[in-house]
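Quick one: the structure is below, questions incoming.
Chain IDs A, B, C, D and E follow the sequence of writing; residue 1 opens each chain.
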Amino acid sequence: MSPAFLYALVGVGLFTLGLYALIVHAHLLRKILAINVMASGVFLVLVALAARTQGAAPDPVPHAMVITGIVVAVSATALALALMLRVRAETGRAELAEEPLE
Amino acid sequence: MNTVLSALLLILAPLLPLLLAFPALRSRLPRPCHIALLPALILLTVPPGVSIDLPWLLLGTGLGIDDGAGRLLLAMSVLIWALAASLLHTAKGQPADDRLTTCFLLTLAGNLGAILATDLVGFFTFSVLMGYGFYALLVAGGDEGARRAARVYLVFLILADLALFEALLIAAATAKDLGFESVRQAMAQSASPGLYLSMVLAGFALKAGVWPLHVWLLPAFRSSRPAVALLLGAVPVAIALLGLVRWLPLGEVSLPALGLVIQAMGVAAMLYAILAGAKRASLTRLPAYAAIFITGLFTTVLGMGLSDPEVWNRQGNLACFLIVSLGFGVAILVAANGWLQARCQYSALPEKQADDSSPWFERWSVAVTRWAAQMGTDTLPRLRAAWLANVDRCLRRIRIWQRTLDGSERFLQRWAYAVTLFLLLGIVVVFVGALSWI
Amino acid sequence: MSDIHWPVIVILLPLAGGVACFLWPRRSVLLGLLTALGVVACVAGLGWQVVEQGAQRYAVGGWGAPLGIDLYADGLSLLMLTVTAVVGLGISVYSSGYFERARYGQDRARHFWPVWMFLWTALNALFLSADIFNLYVTLELLGLAAVVLVALAGGADAVSGAMRYLLVSLLGSLFYLLGVALLYHSFGSVDIAILAERVEPSPAVWAAMGLMIAGLLLKTALFPLHFWLPSAHASAPAPVSALLSALVVKASFYILLRLWLEIFPFANAALAQLLGLLGAAAVFWGGFQALRQTRLKMLIAYSTVAQLGYLFLAFPLASITGWTGALYMLLSHAAAKTAMFMAAGNTLYFGGHDRIADLDRAVQRMPLTMTAFALAGISIMGLPPSGGFIAKWLLLEAAIRSGQWWWGGVLILGGLLSAAWVFKVVGYAFTRSEAPHEARAVPATMEWTALLMAVLAILLGLFAPWLLALLEIGSPFNRENAG
Amino acid sequence: MTERGKKQLPFRLLLVALLFVLTAGLGYAVLTLPSQAPGLSNPVVANLEASGVSNPVTAVLLNFRAYDTLLELGVLLLALFGVWSLAAVPECRESPPGPVLDGLSRLLVPWLILVAGYLLWAGAHAPGGAFQAGSVLAAAGVLLLLTGWRLDTRFSGLPLRMSLVAGLGVFVVVAVVLILMGGRLLEYPPSFAGALILLIEAAATLSIGMTLAALFLGARPEAGP
Amino acid sequence: MNWDAALPLLVLASSLLPGLVIFFLTEERVATRTTLNLAGAVLKLMLVGVMIWGVFHGAHYETRLPLLPGLDLLLRADSLSMLFVVLSSILWLVTTVYAVGYLEGSPNRSRFFGFFSLCVTATVGVALAGNLITFVLFYELLTLATYPLIVHRGTDEARRAGRTYLVYTIAGGTLLLVGTVWLYTLSGTLEFTARGFLSGLDATHHWSLVVIFVLLVAGLGVKAALIPLHGWLPQAMVAPAPVSALLHAVAVVKAGAFGIVRVVYDVYGMQFSASLGVTLPLAIVAAATIIYGSMRALFQDDLKRRLAFSTVSQVAYIVLGIAIAGPIAAVGGLVHLVHQGVMKITLFFCAGNLAETLGIHKVSEMNGVGRRMPWTMTAFTVGVFGMIGVPPLAGFISKWYLGLGALDVGQGWVIFILAGSSLLNAAYFLPILYAAWFKAPAGTWPAERSFGRRETAWALLAPPLVTAFLTLALGLLASAPFGLLQWARFITRLEYAP
């Protein structure tokens, strides 16, 4: 097993850790961060496995994908943060309303 | 030319009164009731034996006049109806009543039509028209007593019509067409004419007020207008008896037992009429008892005819004379009665406040059916009328159900639970997918 | 004409239109409408091309599948594109009235158009993509655009709904992306056709399947993962609600369908039954919840939950009739739900509220709107002659033919439930209400668009043979796995 | 742990268990992947010549899978639309920048711009490229914004928007022109490939930098037609 | 598209198009609306006349549009459909005149007449449907078109009645749909064929076919108001009188009954359904409905409710006629389809006149009304006697053939059902007549409107008189060449001829 798999496993771990945080934390900022952690986990899996063939140059395609993914994640994060500020401005709390809206 | 004329007359005889029965037409004509009789009157002068087929009418019917009973009856009817028409609006202080005239003309049309009918359906149709018309005449032209009589008559009429309808069906199922002659023969050859015979007998007995079904006759005579009372014998009773003559396979079958029973009833009726009439002898009651007596006489003859066809073939005409005499006799008695009572003692008050309680037959039938319906509701609670509609309502009303629904939805909407559920679902998908593949 | 690059144009045109709307906000309505018309025309062109020449594969950059990205247009894609075009045109026209008025203001209109054009781009790109990573990008574009549009309504409800929607959307996309990563690293390609050839079961593929299906189910809001949908759909501006319900959720369903049919053909019957079961649960749950709602838009949003359930009934049926039934359901639901949300928007616009019990003779006061609602309701109930009826017929037929009549029972009961809520609304629209209300005239464009969309939903019932013939082109259902 | 947290303990245990299953499953799935997989490296290398650049990642990004990149620029722009559409948030308190920040920005911004330019250029053959360059450019913008600098109102209208959409716009224009010239979508003629990619990257760098900076600012500039 | 194919569509369009136009007319344009309505009705009548002529001479009018792969939307004029088409187009004309008078000055007339026309369109569609799916289509359309008419008044009561109506009819429609789909999966065709298209199916399917029959008949029975599916009908009485008239006489109830005829004749085929053993239970249900409906009618004081229960009872005659499974009874059932329509519409017109002119809604308020409104009550009387089955009115002919047919196939018990029903009919109808003609009026009427010297408006009076006259004519001229009876025989010959 090459070290690439180790990184991939770390990526999986980040993914689930992010998921845990996404679920249990109420504050929206934490949720947004958790999403980002999850995204990092996925990217890590993608990139790490690209280099798993020992002795060969890493596969460039996943790298390109990750760059694309990062930009998407950045965009989404920006939007999420702006939205979070709106939520706080409208409801006074940076948390999700847990009761269904009436 | 002559045939065309007589055919026209045949049709006009019942049709003209029908048309004149419409109030709007009548107001333009001076003496409508008499005009209505005109075709029938001319018809009496036409050479005997004319008839026309009207296959397009109703179920295919015809009109005709035979020289025997039919002609005689027609003559009697024209006479008595003319008399009654003259008396119709003569009661003092009585305004000319449109309804009364309409009923009068409808009854007239039914009466003439029944006499002229050459088949069962035609006869039935006209006699029903006559029956309901006469009921209305009784109600419209009488006081409370007459109304009570009319109600009874109506019930008898409905039952009679039902019985006759069944008889008619049986006849139609047996015979190839419904002309009197062919039905008579078909019934004579039929293997089981019992139901037919009993239905016909019951039906016409109800209509004619044969003893012991005469209960309505007495009050009817007592408390209706002279014009109506005049018609009592000639119209409902006479036509019902005519019906017996026409519908029964007389002269073809021999049914001694049935004939005997009928004869016995006829004799009993005569006895009753004599005894009761003698006991409560009064002029007002006399026509009624006379009618019962003659009907009894007729019944006896009929019974004899049924038990022995030979007797009927020889003396059948007697029955027709009896009918005619019934009509005339009753009419004369009524007229005499009215004359003697100075004509204006009649005190029926059509405008009098009638009681608003329902007629007895309505109350009775309501009670019975209410009971039946209640039984139905009790035994089949789940099949009540609105059970389907209740499903919808139930869904709205059950609070627990609602609370569960709302509560579960709130639960599902909580972020943490929802996402966990999502996670679980993902795992289940993999698990199910992998497991069954293995 | 046949060598025009229609697949590209239908993607680039709305993108350019969006950019133009952004650059010249004062003219965004005009630009947006022009673009919408153009897109409709181009989709027609593409349709003609596909009908004439069969399914189209288009190698972007000329590289071809494993290296580059392919676009693929078969009957299924074409159908989805057509629905998008028609509904999109309707929504564009409606929005030109809706956002112009004082209640929303010029400002909102300025923001609406570019985002809506991008959303349209995303949809077109998604339906044409043959590459699962490219699908991820379009999915994100779609999700973000949808979130922005929901937030456009302003107010606590809308913003919270949008936030929740954003998180859900991202979560679903990440699951999907991880699945993509696993598939790529298993088979060295992200092209659907190549994957379909190479795929063979392995733990990584199962994991990918689980991740992708779960992520897409979350985005499609299949019960019990519908928690984000009602708040987002009900609080958005009416045209946005319409396009969310009509198109956006369908996009993820479309991907799911593609993956299910092509990449995961070994997905077994048990999984299909599970999806069917969840679909059935969605039908009932959504139906009951819709019946319980007191607000019109909330009710319609829950009905979307129910209607999405129908789509999943096709999975256990697994026959061509079943699939076409589900797709027809998708089609007619898109038209009908658009009309319904538009009608709700009109009511809201008219009376300033959408309380069902206070509709107050809406039938007299807004006959066109209520007609639209009722006609759409007919299609949703699945009464003839409507698209919903055809869909129901096909699904029912598939259920009976496959001997799994209980799925037919679900259909039937679901139809009854939707009838219950449709007529609850219609009934109140006939009666008088005591509550005081303001009333202001609804622009004719809004009423007529709603009506036309509803009529379309009905007409879909009369043009089934042609549309179904369209689906035959390069049909993914004809493979042996489709049964 | 809070009161609420205690109440939720069983739920959290379940969650942890589920996550454990998930991790284990995913980990197992990852580990079962074939340990040797060249992926698409071979075709990439084989076509590198025709791509116009020698950095394989850039080749993939801007040539082989340029379509993804096009859409991705769209996503970025969309995020900006979104942020701008969320009506203006109350501005953060404006305080004059401290001397350190002020000095640092004066020192760093020119360097950052320079670095961005280099990254853009280097992207053709070594790690680097439009996104990296754009990010660095954005960092410069952020620094400027932190010091209180704002775009002149004369430029905050159409010119600003033009520069924001420049990346996507150039991309689309190139694509359309190429199609009109008879090629496919984003099918660069090999001889122009390098130049075209550089053109696109340059525009994209500008746009990405400005967009990221604008996203950082959050609110939409008020002025301008 | 040639004439033969276009004619059925034209017949549909002649009410559909005016309806659609009317929706968009403003309230004030009374003249335009009335003209459109009447023009449509007259045009339809003319087209139907042409069609009858053609059908009688063997022409095939058939419109076929693809609906689903393998399934067409098929409109076809055969002898059975003509029966229903004629009924609905004639009565539509009459009812339109009546409705114009009835709703004069009331709000929302454009909506009303629009849906009214749609309703007729759906009815004609039901009549002309050439296969089961087309039938289902128009059948559901009918449900939808009648709902706005039922809730037309916009009261809470109306809304509830509408809801009940829908719960029943939509559930019924669903059963019908399930049955249809199931049938389709078994047979692969749904086209109505004389003597049915199912007898060739494998014997293993017979149980399925029985279940499908039950589904279909239950679905149709809701509209035909067979017990226990009749609950909606009395509630639907909140609708305006022309609607009730239409509902009871022409559209809804008849569509159900007509559907049962179609299913028994042209889907299953008479012989085949008899051999499946489904006709006797159907006959029993019909008989029970006849008696039950009459009994319920006895207790209703509300005039329209009494009429409604009477409808429940009378419509079952049609079903009974079909289910007796004999050619003669079938004639009775078929002619009753028309007869009941004509008679019941008369009664509802009259009830509407009473309500509109005098504010009378209850039987107990009707004392002496015959003097105030003699013409209306004359028409009512004719209708009542027709219902009871008194010769020579139309009802007699129906009963005659039913009874004769029952005897013909040895089902004597039916005669007693008929007799009992007549008795009950008399029991709940004659008291009304008695009260109206012979009881003294109470003095003032609940809400009297004056119409000058006439008893009521012409538009209200003429329709019941016309239908009353039709009642009489249909009875009197039953045997006339080209009469209804001939037509019904013509139909049954297709089904029964060796």
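As a working rule, a residue touches a chain if its C-beta (ideal position, glycine included) is under 8 Å from a C-beta of that chain, and two chains touch if they have at least 3 such contacts.
Small disclaimer: the values here were computed from a predicted structure and weren't measured.
Shared contact partners of chain B and chain D, listed by label: A, C.
Here E is the chain whose Cα centre lies closest to the centre of all protein Cα atoms. Each chain's centre was taken as the mean of its CA atoms, and the one lying most distant from chain B is D.
For the pairs A-D and C-E, the larger set of C-beta contacts lies at A-D. With each centre defined as the average position of its C-alpha atoms, the distance from chain C to chain E rounds to 42 Å. The distance from the centre of chain B to the centre of chain E, with each centre set as the mean of the Cα atoms, comes to 28 Å. Chain A and chain B have Cα centroids lying 92 Å from one another. In chain E, the positions touching at least two other chains are 163, 167, 171. Counting only residues that touch two or more partner chains, chain B has 392, 409, 413-416, 419-420, 423, 426-427, 430. Residues of chain A found to touch two or more other chains are 15, 19, 22-24, 45, 49-50, 52, 61-62, 65, 68, 72, 75-76, 79, 83, 86, 96, 100. Contact between chains, per the stated criterion, is found for A-B, A-C, A-D, B-C, B-D, B-E, C-D, C-E. Taken together, the chain D residues at the contact with chain B in this complex read 8, 11, 14-15, 18-19, 21-22, 25. The touching residues of chain E, counted against chain B in their complex, run 163-164, 167-168, 171, 227-232, 234-235, 292, 295-296, 298-299, 367, 370-371, 374, 385, 389-392, 396-397, 399-400, 403-404, 407-408, 415, 418-419, 422-424, 426-427, 430-431, 434, 437-440, 475-481, 483.
Those residues of chain C that touch chain E in the shared complex are 361, 363-364, 367, 371, 374, 378, 381, 383-385, 389-390, 392-394, 396-397, 400-401, 408, 412, 415-416, 419-420, 423-424, 426-428, 430-432, 461-462, 464-465, 468-469.
If you check the complex, the residues on chain A that touch chain D are 1-2, 5, 8-9, 12-13, 15-16, 19-20, 23-24, 45, 49-50, 52-54, 56-65, 67-68, 70-72, 74-76, 78-79, 81-83, 85-86, 89.
Residues of chain C touching chain B in their complex: 164, 167, 171, 175, 201, 203, 206-207, 209-211, 213-215, 217-218, 224-228, 231, 264, 266-271, 274, 285, 288-289, 291-292, 420.
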